[in-house]
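Structures follow.
Next, two complexes with chain A in common: one pairs it with chain B, the other with chain C.
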Partner chain A sequence: MKNFILGCFLFCLASQAIAEIAVITNVQNNQVPLTRLQVQDIFMGRMRAFPNGQFATTYDQTTLRDDFYQQLTQRPIAQINAYWARLMFSGQTSPPIKLTDDQSVIKAIQENIGAIGYINKKNASHQAIRILFILK
Partner chain B sequence: MQQYLTPLIKKAILYPFISCFLCLVHTVQASEWSIKGFGSLSIVGTDTNAIGFYRDRSQTKSVTNAWGIAPDSRFGLQLDVNFNETLQMTTQWIARNHAGDFFEQNLELAFMRWHASNSLNIRAGRMGTDVFLASDYRNISYAYPWMRPPHEFYGTIPVYHYDGIDLIKRYAIYNGYLTAKIFAGFSSNQLISNPGNKLFDFNAPIVGGNLTYEHRYWRTKLSYVFVHPVTDTPGFDAGSKILNNTLVNLALPGINKLTPYLTTKNTNMHFISLGGAYDNGVWLAQAEAAYLHSDSPLFPAQTSAYLSIGRRFDTITLYTLLGIAHSFANYIDVPEARLPNPEFQQIHELVDTFINQNGINEQSISLGVRWDVYTNIAIKAQWSHFWIGKNGAQLWQKFGTTPTPNKVNVWSFGFDFIF
Partner chain C sequence: MLSKHLHHKLVIYSFCSAIVIAGVAISLTFISEFNRSQKNAVITIKQLMDTVEKTAAIAAYSRDQIVATDVIEGLLRNDIVFSAAISDDKTVLVQKRKPIPIENSTQLTRPLYSPFNHQQLVGQLSININTQFNLSEARYAAYASAINALLLITATTIILLILVRSNISQPLLMVSNTTHEIKADKKKRIPKLKNHQHNELGRLIDDINDLLKKQEIKFKQEKILRKSMQHMEQQLRHIFDSSSAGLFLLNTAGQLINYNSTLLKILHCTEKPALTFTNKDFATLFIKEEKAFQLMLSNALRSNDLQAQDFSLQQNNGATIWVHCLVSKVIDATGETRIEGVVFDVTQRVLHEHAIRHKADHDALTGLLLRQAIREQFDQYSLENNPAKISVFLLDLDGFKQANDTYGHDVGDVVLQRTAERLSACVRTGDLVCRLGGDEFLIIVLNNNSYDSALDIAEKMVHSIQHPISIDKNLSVQVGVSIGIAITPQHGQTFDDLVKSADESMYEVKRQGKNGLGITWSGKIKVKLF
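Here is the complex of A and B:
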């Protein structure tokens, strides 16, 4: 019984640690929801625009960055950093702009029609933003 | 003519870029620029003092059994400025061991980029020479598993940057992306002659193009580059005078006919390569093959290839690397001295060394480990064993007439980071 309670406790902790992440854009951007592959292409610098043609400005955030890329690409952040080092320092393209947390991402999204970022899904409700994809 | 051409290129491309940058940066808001950097601190040593190990002829210092940090250590800073959604500027300067002007030769990137459309980029200014799969990020050791790009392959292209323009167009094809790139410009690199170890300007128009296809774990690249050097090799004028001297031609009949072989000026070099990389997050592999066609005996035609396979175990990556390079140098007969005069004999030996000792005949196996100790820091160690054939040490620094060993071990330890 003691082990069962401990197991439930650890499960709850793990569930809380791996948050659902919402990929969001400006509410005026008429882009329909994206596929996982499209989100990957945009955040890995392979696609510079939304499928609807709108130029995409990508935003990272330090709070969720590790979890976001782990869930999106199944790779640890060190591999993502090495990938971006290749693209960035060879002058091919620039990585997403780094912000700090959900609130700074929401603010940037609301100010730019072409902005795309990610936040904790629980902070996505009641906001003037459009959800494009949920990472589970 | 040539001494005027390089400053002209700099005036025509680099200086307008810098002026344009200074004007534009004045209008930029604080939130639209960023400074990033990378670096490596590495120590390298071999088991011989007969020849020196370096990355390529852009470097002035090699290492022997007296260990050193010159081949792989570097520190780079990059300034990116976004003027708006479509116009960006990138400048990168690297502190490293490079021949010639310390500021100008280490200015690796200085270009403006215009996103003409969502799939078309146009860049103008100074850019990295994009010949092989890893050519334009050779300095970023953190971006690859090895201590340095494969010696047999990347040692043959000491030209790191050129001033010019490129057009990059991307196409979405079968859930992947095809990138087509064409570029043209002028390379003004300063290198070290081998043999001789003398600084010289390697100025050349350079044009090329490549196709890169990326799909999930795969990246393949087909590339062609044409280079036409317009500068002489060091000591050409003095050597030419000696070879065309009447008395010398009496002692060494017909040696004046070898004059054109003393320079790479106005020769043609064609680089053709095919490469592929695979990385599924656990396994990583990379292979490339290249052929260089050249009509200069100082830079003979050559072929090279490598294969690397690695396996990640959490933060540890183990890898092996096999490389091979071989040149097709045709031996050119140098007339023997008719007179028993040591000066004529010395001329014979110098000319023979200069035009017949440029061969590459090298193979290697490497074993290495990379440990990602933090999300932006990696520690590496690598052992490489080289087999060097007769007249095959052109990718190594030679010291006078010291005989070349046929086997060399190279040990390297490094610390890479980005920020």
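Here is the complex of A and C:
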């Protein structure tokens, strides 16, 4: 019984620890919010453009990458890497451009109308970005 | 393919049957192989799909043509794949096929799902099976089994040929050749075969040897039998030929079929070639009384009794021989009715009998008939001729007693002999002249009852007797005769009546003066003396 209670507690802590992630784009990109599937298709290279026709450039960031893909695809990050490893040989489809943290992502999005990336939701109140999807 | 040898035939037949069976088996193999390889192909294709599914799904998901091309080309490296295509949810991404013509290819498809969401259909992998491959697989299997079967069949056939030849054909040939050479009456036997003593061949040889043995024994027995039969036949032939009786066999028509040499001797026909008699009518060949002989034959055929009769045969030289002939009906071995006959030469006996008869019927001194004989002949003639015309003359010599007493019996005998000759000369040959005894004579003239003629004959006799009879140079004797005449029907028809009437007339002549003739006529005896 003690173990069970401890387990429940630890689980609560863990879920508390995973932060909400916001998928963002340039504020000038008048794209209405996306569905989870659309977000997935864009980040996994299936869709090269937004539903509104704007060409999409995807950005990863090392800080949130594991959590993001974990939550988005329900797959371990190793599988995601393997997926990209297969596609990279063709040279046709490129994985998202890798950045380091929320700041560098926001900066990249401000510079490119078709950019799409993800940041911690806490930092998503920036004026120059538009939130497309909240990953919980 | 006609072969003299049993083993060739057997082997050819078994080879042909094996080939036919193998052909059927190979066809079945081909069909089942084809089916199996089709099934295998489907399984293989499914396995291939399993292998490439993930990559294909990624290619479809990301719509990456290069990855898709890699997958498709990889698939096409398999012989079993004819063509392959990957399409996403809208269009065909990549489609490739092998440069070979294929009809009716079976297509297998596999839906491709998103690598990140198993409910999201992102495309389809489709593969067409290379049926040519299936066919060649099946063909290969069929060829393999055909070659296999052919090798096996050939090997088995050769082994069979060798085995049958050495175990059956050659021993049989040996048995056959040996049997062929063995003569029925010889002691030779088929030798026993070492390896076949207790099987069918051994039994065959034993049986053949048994048969040969039995045949040999039978042959020997038959030889002995034949010898004894030949001997017996010779004996019988000897008996037949040397028989003192003439033997003959006739058919129902009376034609001669067989006869012995004695027959020809008896019939005195030895100088003629024997062949001329067979199939000739026996009666016309030899017998004088043809009709009597034919009657005897028909009697023999009608009854089952032995028929016997004497026949006289006319010889070429005019002599007559007498044979006693016995005939009887027989049925020969073939069921034909025959007449067998026996002929004895009885000429001597008949002649002897005739002589005795003659002696009994005739007077020893004059050679004239005796009373009993003339009576019988009269009766015979009366029976055969009705009414019989007969003239009877009863004679008694006059003066004979004196001459006999005077000159002796010898002279008397000469007188009687001369008288007999003269009386015989007075009548025809067929008429009957008889010495009743002493100096009494009876003459019967047949077929003549004329009164005038009778008187003429009587007169002729009187004159004839009157002539002196010369005994020697110095002596001649003269006698007279008294004749009584009787004729039918005036003086009766019987011998006794006629003789009696003649006797009465003759005594009247004697009473009136001798040497004359008399006849009772119209109730009186008319006498004429000379």
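Methods note: the second predicted complex is superposed on the first by the 119 of 136 C-alpha atoms of A that agree within 3 Å, B and C clash if a C-alpha of one lies under 4 Å from a C-alpha of the other, contacts with A are read in each partner's own complex, and residues count from 1 in each chain.
Methods note: a residue touches a chain if its C-beta (ideal position, glycine included) is under 8 Å from a C-beta of that chain, and two chains touch if they have at least 3 such contacts.
The structure displayed is predicted, hence computed values, not measured ones.
Colleague: Given the alignment on chain A, is it a clash or a fit between chain B and chain C?
Modeller: On the shared chain A, the partners clash.
Colleague: Looking at the overlay, does A:75 come into contact with chain B only (first), chain C only (second), both, or neither?
Modeller: A:75 contacts both chain B and chain C.
Colleague: Applying the touch criterion given at the start, work out whether A:114 contacts chain B, chain C, both or neither, answering first, second, both or neither.
Modeller: A:114 contacts chain B only, not chain C.
Colleague: Regarding the shared-chain residue A:57, is it in contact with chain B (first), chain C (second), both, or neither?
Modeller: A:57 sits against chain B, while chain C stays out of touch.
Colleague: In the superposed model, which partner reaches more residues of chain A, chain B or chain C?
Modeller: Chain A has more residues touched by B than by the other partner.
Colleague: Report for A:86: first if it touches chain B alone, second if chain C alone, otherwise both or neither.
Modeller: Both partners, chain B and chain C.
Colleague: Between chain B and chain C, whom does A:94 touch in the aligned arrangement: first, second, both, or neither?
Modeller: So A:94 only meets chain B here.
Colleague: Tell me which partner A:37 touches in the superposition: chain B (first), chain C (second), both or neither.
Modeller: both
Colleague: Pick one for A:45: touches chain B only (first), chain C only (second), both, or neither.
Modeller: In the superposed model, A:45 contacts chain C only, not chain B.
Colleague: Could you point to the stretch of chain C, among 43-51, 385-393 or 421-429, that collides with chain B in the superposition?
Modeller: The stretch that clashes with chain B is 43-51.
Colleague: By the touch definition above, which chain A residues appear in both interfaces, chain B in one complex and chain C in the other?
Modeller: The answer is residues 37, 46, 73-75, 79, 83, 86, 89-92 of chain A.
Colleague: Using the touch definition from the top, list the residues of chain C that touch chain A in their complex.
Modeller: Within the complex, chain C contacts chain A at residues 55, 58, 61-67, 70, 115-117, 120, 122.
Colleague: Which positions of chain B touch chain A when the two form their complex?
Modeller: 36, 38, 76, 78, 80, 82, 85-86, 88, 90, 92, 109, 111, 113, 115, 118-119, 123, 127-128, 136-137, 139-140, 142-144, 170, 172, 175, 177, 214, 281, 315, 372, 374-376, 378, 418
Colleague: List the residues on chain A that touch chain B in their complex, please.
Modeller: Touch residues, chain A against chain B: 37, 41, 46-49, 53, 55, 57, 66, 73-79, 81-83, 85-86, 88-92, 94, 114.
Colleague: Going by the contact rule set out above, which residues of chain A touch chain C in the complex?
Modeller: 37, 40, 44-46, 72-75, 79, 83, 86-87, 89-93
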